[in-house]
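Here's a structure for you.
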Amino acid sequence: MRPSGRDLSEMRPISIETGVTRHAEGSCMIRVGDTHVLCTASIEDRVPPFIRNTGLGWVTAEYGMLPRATHTRGRREAKNGQSGRTQEIQRLIGRSLRAAIDRNALGERQIVIDCDVIQADGGTRCASIAGGWVALKLAVQKLMASGAITTDPLTDHVAAVSCGVYAGQMVLDLDYPEDSEAGVDGNFVMTGSGRLIEVQMSAEGATFTRDQMSGLLDLAEAGCAALVEAQKAAVA
Amino acid sequence: MRPSGRDLSEMRPISIETGVTRHAEGSCMIRVGDTHVLCTASIEDRVPPFIRNTGLGWVTAEYGMLPRATHTRGRREAKNGQSGRTQEIQRLIGRSLRAAIDRNALGERQIVIDCDVIQADGGTRCASIAGGWVALKLAVQKLMASGAITTDPLTDHVAAVSCGVYAGQMVLDLDYPEDSEAGVDGNFVMTGSGRLIEVQMSAEGATFTRDQMSGLLDLAEAGCAALVEAQKAAVA
Amino acid sequence: MRPSGRDLSEMRPISIETGVTRHAEGSCMIRVGDTHVLCTASIEDRVPPFIRNTGLGWVTAEYGMLPRATHTRGRREAKNGQSGRTQEIQRLIGRSLRAAIDRNALGERQIVIDCDVIQADGGTRCASIAGGWVALKLAVQKLMASGAITTDPLTDHVAAVSCGVYAGQMVLDLDYPEDSEAGVDGNFVMTGSGRLIEVQMSAEGATFTRDQMSGLLDLAEAGCAALVEAQKAAVA
Amino acid sequence: MRPSGRDLSEMRPISIETGVTRHAEGSCMIRVGDTHVLCTASIEDRVPPFIRNTGLGWVTAEYGMLPRATHTRGRREAKNGQSGRTQEIQRLIGRSLRAAIDRNALGERQIVIDCDVIQADGGTRCASIAGGWVALKLAVQKLMASGAITTDPLTDHVAAVSCGVYAGQMVLDLDYPEDSEAGVDGNFVMTGSGRLIEVQMSAEGATFTRDQMSGLLDLAEAGCAALVEAQKAAVA
Amino acid sequence: MRPSGRDLSEMRPISIETGVTRHAEGSCMIRVGDTHVLCTASIEDRVPPFIRNTGLGWVTAEYGMLPRATHTRGRREAKNGQSGRTQEIQRLIGRSLRAAIDRNALGERQIVIDCDVIQADGGTRCASIAGGWVALKLAVQKLMASGAITTDPLTDHVAAVSCGVYAGQMVLDLDYPEDSEAGVDGNFVMTGSGRLIEVQMSAEGATFTRDQMSGLLDLAEAGCAALVEAQKAAVA
Amino acid sequence: MRPSGRDLSEMRPISIETGVTRHAEGSCMIRVGDTHVLCTASIEDRVPPFIRNTGLGWVTAEYGMLPRATHTRGRREAKNGQSGRTQEIQRLIGRSLRAAIDRNALGERQIVIDCDVIQADGGTRCASIAGGWVALKLAVQKLMASGAITTDPLTDHVAAVSCGVYAGQMVLDLDYPEDSEAGVDGNFVMTGSGRLIEVQMSAEGATFTRDQMSGLLDLAEAGCAALVEAQKAAVA
C-alpha cells in the first residue's frame, strides 16, 4: 500500500561512498533510495566567539539544495538569507552531531559539515545527519592520524530517520510521495547505542496519540540501526 | 531543589488578561511566572498565494522580543531577516494553532497571530502558543458575532508547555535559570482533549531514554491541562 | 469641534507607570490618551567608535511599533532596514535626550533608550521622548546609587508635544484623527526650564505664517510643562 | 568673525545653470558657494500605488552624494539602504516641493527630482530644494509646451536656506566649517510669497530661546528671497 | 615544465556523463581533469518580462560552487547576493549558449542552465559552458521528442577553454596551479564550426602583444575542437 | 552610414577637464561625445586585507551612473547591491589601471578611482578607464610633490575604446544607437606603448571570425592612441 511497494517497516536501500571530493578533510555521498546528499567536513582553526580561548571544539553544519534537486527548480540560498526551513534543518544537523562529540578531546577547532542535496526524494535532513557523521568521522581520523589530537572525540554513532502516519498506517523512512501526504510525521535522531538525541513529531492539520508515538519510536530504532551498520562499513 | 523552590511538577502562576489593545480583533497579555507575552490576532482579507480561490482560510504567526525583554539587550528583528531561532518558533506557533482550525469553516481569510515578548523568563514559545490561542479565539468570536462566519472554526483548545531534565530530575515548565542549564528539554503542544500536536525533545551535548521521554509526557499533560483551564476562564 | 471634544489647548490625560519590566535598568509605560509607549533604558559599557577613549558618554534611542499597535497591521522593522520615518523618529529621540545630558558626568558608557509603541493614537514620538526621559532618569539614578557616577549627568527635564493647525484652528496634542487631517503640524521639544531643543514644523500640501508659528509655540510651552509635572511625579 | 569673512547675514554667491544634461526633462546645476548640486526632473507615467486612479499627480525626490563630494570618501547609497540622514533629506525635499504643486493640475503622473551632490560645503539639502524647484519648473514647462497639461501646476516658488548660532552669533547660510561647529542650526523652507513650508531647528548638546528662533527666521526670509530671485532669472 | 607534466598544447582528460539527476530535463557531470561541474537544464514556461508575448525563447544560466569545492571552504551564494566574479561567470555562460540558439524555434519558454562546481581545479567557467551545452541539448531533445517544438533550436555546438601565458610560455587549459600564477590569461568561447563567440583576454599586473593573442587563439581552437568531440559522443 | 555621420574609423570629440572637484586628490571630467564621466581619485592609508603589511599598494575602482544619465531613469546602486553589469565594469577599470602601476613604488596605500557617469551615450566604461587614468595620474603627482613617494609608480598610460560590427561594418567608438544594435562588440584596453591589457569581444546572438577580430584590433589601436594624446595634454 506504499507508493514504492515497500513494507511498512522497510528502509530504502542505503549506500555510502566515501572520499568523493579531493579538498575536504572528510567527504561522502550518501544515498537513501533516490535521496542523494554530498556531505563534506572542513576543519578550521578558528572557533565561534563564544568558545574562544576555552580549549573546547565546535561542530556546526550548513545545509543546501542544488537548484534542480527537486521536481521544480528552487532558488539558491546563502548564509543570512536562508529560509526558515533551511535554518531549522542545519541547526538540527549541528545539534545532533554535537551530541556525540567530546568537545574537550576535539580541542579548540571547528569542523563544519556541509550537506548539499544533489537529488531529493524525502528525508534529506535525516540522510544529511547520517552522512554528515561519516564525513565528520573521516575528518577526525585525519586529525588523529596527523597526531593533532590523541583521543577520539567521537563518542558514538549518530543516525536519523523519518517516520510518520501515512494513509492511516505507521511507516518508516518516508519518501517524497508519502511525505507530502502524511498529516503526522517526524524525525528521530539516535546514537549507535540506541539513546535518543532528538525527537521531532509534528502534525499539520491533524493530531496523534501517545500510542502512535510509541509505535513510531519502534520503527525509528530499527531504521537507525540499519543506518549505523552502513556507517560502520563505510568508515572501516 | 529547583532555583524557584517549585515542586518538580509545579507550573508557575498563569494569568491571561484579554482586550489589552484597542485595534486588534483579539488580544491578550499572558503571564506564566515572569514570562509575559502580548498576543494579538489580526483578521485580513487576503490569504497566501497557495490557497487563493480555494475557499480555505489560514492562520499564521509572527514572534518577536522587545529589545530589553531579556537580561542583556537584544536586537530587533524584521521579517526576512529573522534569526533561525525566531523562525523556528513562529513556524511552530502557526502550525500548532492550525491543528485546531477547520479551514473550511474559517473561509478564505487569514488570521495573523503576533506574539511579542515583553519580558522573558523561559518558555516564551509555549506561552505564545497558549496566549495566541486566546487571541485567535477572541477574533473568531468577533467574526461569528458579526455574522461573517456561522460555524466556529476552532475545533479545540491548543496549549503548550516545556519539560526537561534539570539536575538529573524531570521538571515541568522550565524557567530561564533551569532552561539554560538543562541538557535535555523540549516542548509539547497538546489539544484540550489531550491529543498531541507537536513533540520537540532535544538534547544539547547529551542524550535521553524512552523512559525519560514517557515521564516528560506525563508532566506535559498536566501542564497543558492547567493552561487550558486558564484559557477557558479568559474567554468565557 | 475637536473629534475628542477636547478644548483647543487641552492635553490628553497623561500617566507614567515606572518599573514595568524586570531586566531594564530603567523602564516606564507612558500613556498619553490612547497612545501607549513602553520605554526602557539599557546601560552598556561599550560606546560608539567615534567617542571611544574620550571619557565621554552617549545616549541613543531606538523606536519601534508592535505590528498591531495601529488600525491595520504593520510590519516589524529591524535595525538597518527601518523606514525613513522610523529613522527620523529615533534620531530625534536620541538628539533630544542628549541635549540635557552632561556627557562628561555620564562617563564613557552608553545608555540605549528603546521606545516600543504598544498602542498608537497620534503623538507617539512625543510620548517616546517624554517617557524615554523617565527611563533614562531611572537608569541614571541606579548608576548613582551604585556609586558608578557621582554627579548627576541629567541637567534638566526633556519633554515633547505635537501642535498643529486642524480645521483652521491651532490645537495642542493632536490625536490620530486630527493628525491625519492636519495640513500643518509639528513637534516641539523643550527642557524643564522652557528652553527649546527642537522645532519641527512641517506642511504637507499647505503653508503657514510666522504668526501661526508663534501661536503653536505658546500651546507647546503649556503642553510640555504638563508633561514635566508628570515626569516629576513619576521619578520622585 | 565667520571663517569665510562673510557678514552675519550674507549669503554665499548663488548660480543656477540650466539644461546641463541631455536626457532629463528638466535639469540644472545649482552652486551656492562651494556646494554644487546637480538636479534633474524625470517625468514618469506611473504613480505611487496610493494615488492610482485618483487623477492626482505626485512629486518625489531622491538625494545622493558622489563618493568624493566630501573631504573623506563616502560610500554610495542605494534606495532601501540609505542612511537615516539621506532619507530625512529626500523626504524633506519631496514634501517641500509638493507644498507648491496643484496635484490636480499636474494630472496622474509623477515627477522624480534627483539631487546629486557633486561637491559639498554645507547646506546641500537647501541647495537641493532650490535647485530641485528649477528642474521641476523646467519639466512642467515642457509638459505645458507639449499640451500634456494646460494649467501650470506650480503655484509658487520654493526655496530653502540654513541658519544657525555660530560662535554665539546668528548667521545665515552656514558653510561646512560653520555647520560642523554650530550647536544650534536649522533649515527654513519658504515660498516665493514668504510663507513657511517647513521649519527644522535643532540643537545638539545645546538649547535655544524663542528670541533666537525669531532672529533666525528674519535671516531666513532674506536668504530665501535671494534664492527666489536667482530661480526667476534661471527659468526666465 | 607545467606542474602537471602536460605538453603546452595538451588538454586535461575530458569526460561527460549524462542523465545524472532524476528531476532535470537535461543533466550531465562534466569532468575536465580535477574540475567537476554538475550541469542541469530546467525548462520553464515563464520567460523574462522583456520578451513576454514575443514568441521568442530565452536561455539563461546560474553558476555556483559547493562550499568545499575549493582548497579552503567558501561561502554559499544566493541570487541577488552573488559576488562580482560569480555574476560575470553566469552572464558569460548564458550569453555564450544563446549564441547558438534560434530563439524563434525555441518558442516562448525559458531554459535555465545551473552549473554547480562539485570540485574545482581551474577552468570552471569553461567546463560549465561545455557541460551546460550538453544539458541544454538534452533538454531540447526532450522538447522535440514530446512534440512541443518541431525545429531544433540549437544551431551549433558551444565550447570554451582557457589559455594563458604561464612561466613565459603559451599554454592550453590552465589548471589551478597555473591559473594562480599566470599574469595573462583568458577564455575563448567557440562554436562547433570554429567561429568565435567570446574572447576575454585579461592581464593582471602585466600586458601582452598581438602576436601572443594570435598564438593563444591557435591553442583555443584545438582545445574547443576536443571538447566538441566529447559533446558529440555524450549526446549521441 | 553611421547614425552620427562619422567615418567608420572616426572617434567622437574627446575633451578632458581636470581639477573639477575641490576635495579629491585628483579629478577630471572626461567627455567622449555625449558620454560624460566625472572621475575622482581618493588616496587612502588603509589597504585591502590581502596586502596588509606587504609594503605594496593597490588601485581599485567604483563605477556608478546618476539616475538620469540615461534615456529612462535608472536606480541608484550601492556597494554590495550592484548589478552584475556594474560589478563587471568596475572590476575591469581597476584591473586595467593596475596593469600600469608599480605597486612597490606606490607604497602601502590605496587609491580609489570613482567614475560617475553624468551623461551616457555608449562607451561609458571606456571613458571611465581613460578618465580614471588621468585622475590617478594627478593623485600620483600630488603624492610625489609632497615627497610621500619618490619614484613615479605609473609606468605607462592606459586607455580604452569600444569597437564592434554595426550593420555589417567594423566601426570604432560606438555610441548608444550603434551599441544597442551591434551583435558583436567589445572593449580594448591598451597602454601608451600599444601593448594589450584587456580584450573583451562578445557576441549576443551572433558570432565572429578571426579576421574580424584582427580588423577591430586595428581600429582600437588608433582610438587608444587618440585618447592617450588627450591624456598627455590634460596632465601636462
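What to note about this one:
Think of it as A, B, C, D, E and F in the order they're written, each chain with its own count starting at 1.
We take it that a contact is a pair of C-beta atoms (placed from the backbone, for glycine too) under 8 Å apart; a residue touches a chain by one contact, two chains touch by 3 or more.
Quick caveat, the model's predicted, so the values are computed rather than measured.
With steps allowed only between chains in touch, the distance from chain A over to chain E comes to 1.
The chain with its CA mean position farthest from that of chain C is E. Averaged Cα coordinates give chain B a centre that lies 51 Å from the centre of chain D. Mean C-alpha position of chain C lies 28 Å from that of chain D. Shown for chain F are the residues that touch two or more other chains, of which there are none. All chains form one closed ring of contacts, and listing them from chain B in the direction of chain C gives B, C, D, F, E, A.
Chain B meets chain A in the complex at residues 82-85, 87-88, 90-91, 95, 98-99, 103, 186, 191, 195-210, 213, 217.
For chain D in complex with chain F, the touching residues are 21-24, 27, 34, 38, 40, 42, 44, 62, 64, 66-71, 73, 75-79, 81, 112, 114, 116, 118-121.
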